[in-house]
Amino acid sequence: MSAPGNWGRWGPDDERGALNLVDAEATRRGLSAVRAGEPISLGLPMRTGQGPVAGIRAPMQHFMTRDGGDYAAGLPEKPGYGYADDSIMVACHGTTHLDALSHVWRDGLMWNGYPAARVTSRGAARCGIEKAGPIVTRGLFLDFAADGDGLSPGEPIGVDRLDAAAEAAGLRPAAGDALIVRTGWLRQWREGRATVESWPGLDADCADWLADHDISVVGADNIGVEVGPSTVRGSAMPLHVTALRDLGIAFLELLDLEALAGRAVSELLLVVAPLNIVGGVGSPCAPVAVI
Amino acid sequence: MSAPGNWGRWGPDDERGALNLVDAEATRRGLSAVRAGEPISLGLPMRTGQGPVAGIRAPMQHFMTRDGGDYAAGLPEKPGYGYADDSIMVACHGTTHLDALSHVWRDGLMWNGYPAARVTSRGAARCGIEKAGPIVTRGLFLDFAADGDGLSPGEPIGVDRLDAAAEAAGLRPAAGDALIVRTGWLRQWREGRATVESWPGLDADCADWLADHDISVVGADNIGVEVGPSTVRGSAMPLHVTALRDLGIAFLELLDLEALAGRAVSELLLVVAPLNIVGGVGSPCAPVAVI
Amino acid sequence: MSAPGNWGRWGPDDERGALNLVDAEATRRGLSAVRAGEPISLGLPMRTGQGPVAGIRAPMQHFMTRDGGDYAAGLPEKPGYGYADDSIMVACHGTTHLDALSHVWRDGLMWNGYPAARVTSRGAARCGIEKAGPIVTRGLFLDFAADGDGLSPGEPIGVDRLDAAAEAAGLRPAAGDALIVRTGWLRQWREGRATVESWPGLDADCADWLADHDISVVGADNIGVEVGPSTVRGSAMPLHVTALRDLGIAFLELLDLEALAGRAVSELLLVVAPLNIVGGVGSPCAPVAVI
Amino acid sequence: MSAPGNWGRWGPDDERGALNLVDAEATRRGLSAVRAGEPISLGLPMRTGQGPVAGIRAPMQHFMTRDGGDYAAGLPEKPGYGYADDSIMVACHGTTHLDALSHVWRDGLMWNGYPAARVTSRGAARCGIEKAGPIVTRGLFLDFAADGDGLSPGEPIGVDRLDAAAEAAGLRPAAGDALIVRTGWLRQWREGRATVESWPGLDADCADWLADHDISVVGADNIGVEVGPSTVRGSAMPLHVTALRDLGIAFLELLDLEALAGRAVSELLLVVAPLNIVGGVGSPCAPVAVI
């Protein structure tokens, strides 16, 4: 059996996968995609106890370790200033985040054939999130919820729909581009019309599309980029396996794409700057789209 | 007494301060500064228990909530995949971070005259970090440690030195630019030659320079951008007061600028994407320089 | 207006309130109450993401920082042993806990007249939980759920019912005794028959009973000892104010009393050992009943 | 090779080890040891960032999620009361704590032969701390620092010294008793005269003494009960292996025994109430001595 997808393509020691496709040309292509010169955050608001996946992962907590209330209660400013401090406790995959290539494996092997056993309580000795960032490339934005309520829970987006949407938008994917998909799920969830049990997303056959176009990063406004629950029998996360693990493509999940809706934008500059968590299998982040 | 610095300049309800100076023109200027098309992370590595300020603030903790060890110990993959998950506990000002305008005040008033009392255990009701990002602008990079060991602990960089360095680099600051200063302290600290007690940095008189050039963001490879300890009697953090509080300029602290050293770069594209912590008085982040 | 309840009774500097009533005699009375010599934990199980009040306060998190999986994944034992380590993140009032006297106030004053402003981000400078423990005294156990399903949500237990139950059990309260009340709410909640919105508990008039008998500690198998929601207009937590704040009586909440049900026990030795959190306004704990 | 120590003694499914020795008789013996009727906490104060082992494990953090400062800053009391809330983040072995029998193993096997692989990111499926408590028994208190400065760093207490001290105190150990040893290390550490690198404690040969007397719990005012560093070549924690793992004896570490010094007490009632952390490999706690 030959090695899956892109394994070995960037050498046996590679830990960055398809992010290697983001070369200077891809970065410049991203810079050239900017029209209005307007940066937009794609990161969800983070509030104590809130968030789409609070029922699945531990909700984020924000702690103030010093604040204005302390001064109101009598703490004197000294010398010449007062200040506030804070801390956060956050599940790395519990809000907008980038998956590291160490996040997922199959048959005990993650990207490039590294054993899953390299990921222990000490973190990921291989393919940690610190190997991923920063990402500066062109983003192809496909809005499947542009004309209304968004897709239905569990509705898959197959290769044919990807092709049609890209063509309609006049997009010609190039190596190293990012694909950003809006399904409408996040808006539905905010409005109480959707749950974390089921969401629209990319179908399993999209792995071929991502491979054919040498996509470096794929993101969506849902929980797992790919449709949930899975449409493939016996595989709960087929695209995570074939795209993240086999192709080495980074996943951006729980993107907040609402500010891009209705902007008539189909390409943009995407900047993703995960925290440099050494051995992290993911990082909360607030990706930036510059349109 | 007139209002300090820029208070009121962007209206009585403004919570973004000098970040308002980063308009489309400033963003495009930043994009135009890119030469090689190479993104560089300015974020410190984050490891459990490590970091420059572990003695001052709580050290970062990285927890694995599921990992490859669990599978090695017998957990079966199902259905069709295995995965790892993690969480972090981090002091927002304990690693590379952006200060929110709610981080510092004097005489009970923060930026634009908002009472410090608006910052409570619930977070900052005004000027939270979620109001700041994303920042995409040109960065002016001044390397005061380019030719050797870096500046001395407690050594101030005054306006004259800023001017001389900018002129030597051929830089002409424009409204909305970011100023990024390398002092060499971080390298010294890593090599055990410096402590968190004292560091080189901007002197108090630099507030005028920042104001005159309408700088939006100022950052450095030290603990507080400004020199520490303070050179001003009776004021422990004079530049925080006159620049962050009075002028509304955002501070980037604990930048890792080592990868920029020796690159013969003096301007770059700077992208800062703080986490959208609602009411946060700062956010850990990994700013990106694109050179 | 005279000082409320017990304020001043143990001097103007007192921070222990009615726990002062637990003298050597009360402790010996507790020791003498033991019959079978059997210790029983009254602490709820603590599991990541679970617990009665997860919707109100942040759920507990248990992190393994080293475990057997790490060794299964290849970490060698050295020298001569292997080990596991863990950490917890827990809301002090989110599982079985003892309230400190700094937990509640009214009109800006807590127990003994201390200003609420003494409780800041640094913790409680007065009446912190470290002043409370350890508590070793006799516990009077009244089981209002002994004969069936337990009381109804929102059902108040008034003084008359306390008196009747104590008399039926042949109990004669003495100064320094603890009162432990089983309502059946916890069992109902576990079985999905009750929510955190409403629970049976002591009615507001019980403050007199507690005062008359010089009770030192009061606990129950519900969220707030007193009935919820409150039966008193304009006061959400009347017994917390009149008993904890005015009388200085410590509150034990979310007790797991299921193991005491059906044991035909009405008095017992109660040992409460809160963590010595300096300035804590409460502490998770697992009180011990010795029957 | 026969099974080590007590393995199998309480059946193949046992997870409590020598705590089985604490029967009703042992509990009553403890109750009978009380003279003055005075409870004393043996738990260290817990403060953010402080503690003996902050350099080894993550220091404790105490967060206020609501406090009096919030009210001073304008939050109205409603309806009829104000309150404070808090959370803690604590390494279970980073302050006074009870080790679970799942804390330590050798050759991949913990107490009673359970595989170490049963301890994963989900916690300890066998021998979790929730199986241990509560403990109510007689404590034998031996104070090796009674007459001065305490033992020297790295000074071992061998069986001969245990015997001599017990005899001098007129103690006759009985099955199920706890052994509590004061070395003086904690006081030295507090006064800056000792470090976490080296401490006095029980020597490896004490395992026989603990076995011969059927001791249930052993505790000390140092980091690991046993002397550190180890006196046994090739074994960093010999007593943890022979006493905790082989005999099933629970370890109480970082006890604060200062309040017992000079009290002329040699036996006492010991109550240990670990938090019911399901799958915990240890628990912070504040054991109670009643003298």
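We call the chains A, B, C and D, going by the order they appear; numbering starts again at 1 in every chain.
Quick note on the criterion: a contact is a pair of C-beta atoms (placed from the backbone, for glycine too) under 8 Å apart; a residue touches a chain by one contact, two chains touch by 3 or more.
Labels paired with UniProt names: A, B, C, D = Cyclase family protein.
For clarity, every value in this text was computed on a predicted model and none was experimentally measured.
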item	value
Chain pair with the higher count of C-beta pairs in contact (C-D, B-C)	C-D
Distance from the mean Cα position of subunit C to that of subunit B, given in whole angstrom	45
Rounded Å distance, subunit C centre to subunit D centre (Cα mean)	24
Where subunit D touches two or more other chains, by residue	48, 58, 61, 64-65, 67-74, 87, 89, 117-122
Chain contact topology (line, ring, star, complete or other)	complete
Contacting residues of subunit B [partner subunit C, same complex]	48, 61, 63-65, 67-74, 87, 89, 121
Complex interface listing, subunit B residues touching subunit A	23-25, 27-28, 31, 34, 36-41, 43-47, 57-58, 62, 64-65, 67-69, 71-72, 77-94, 96, 102-108, 115-124, 130, 133-136, 232, 234-238, 240-241, 245, 269, 271, 273-282, 284-288, 290
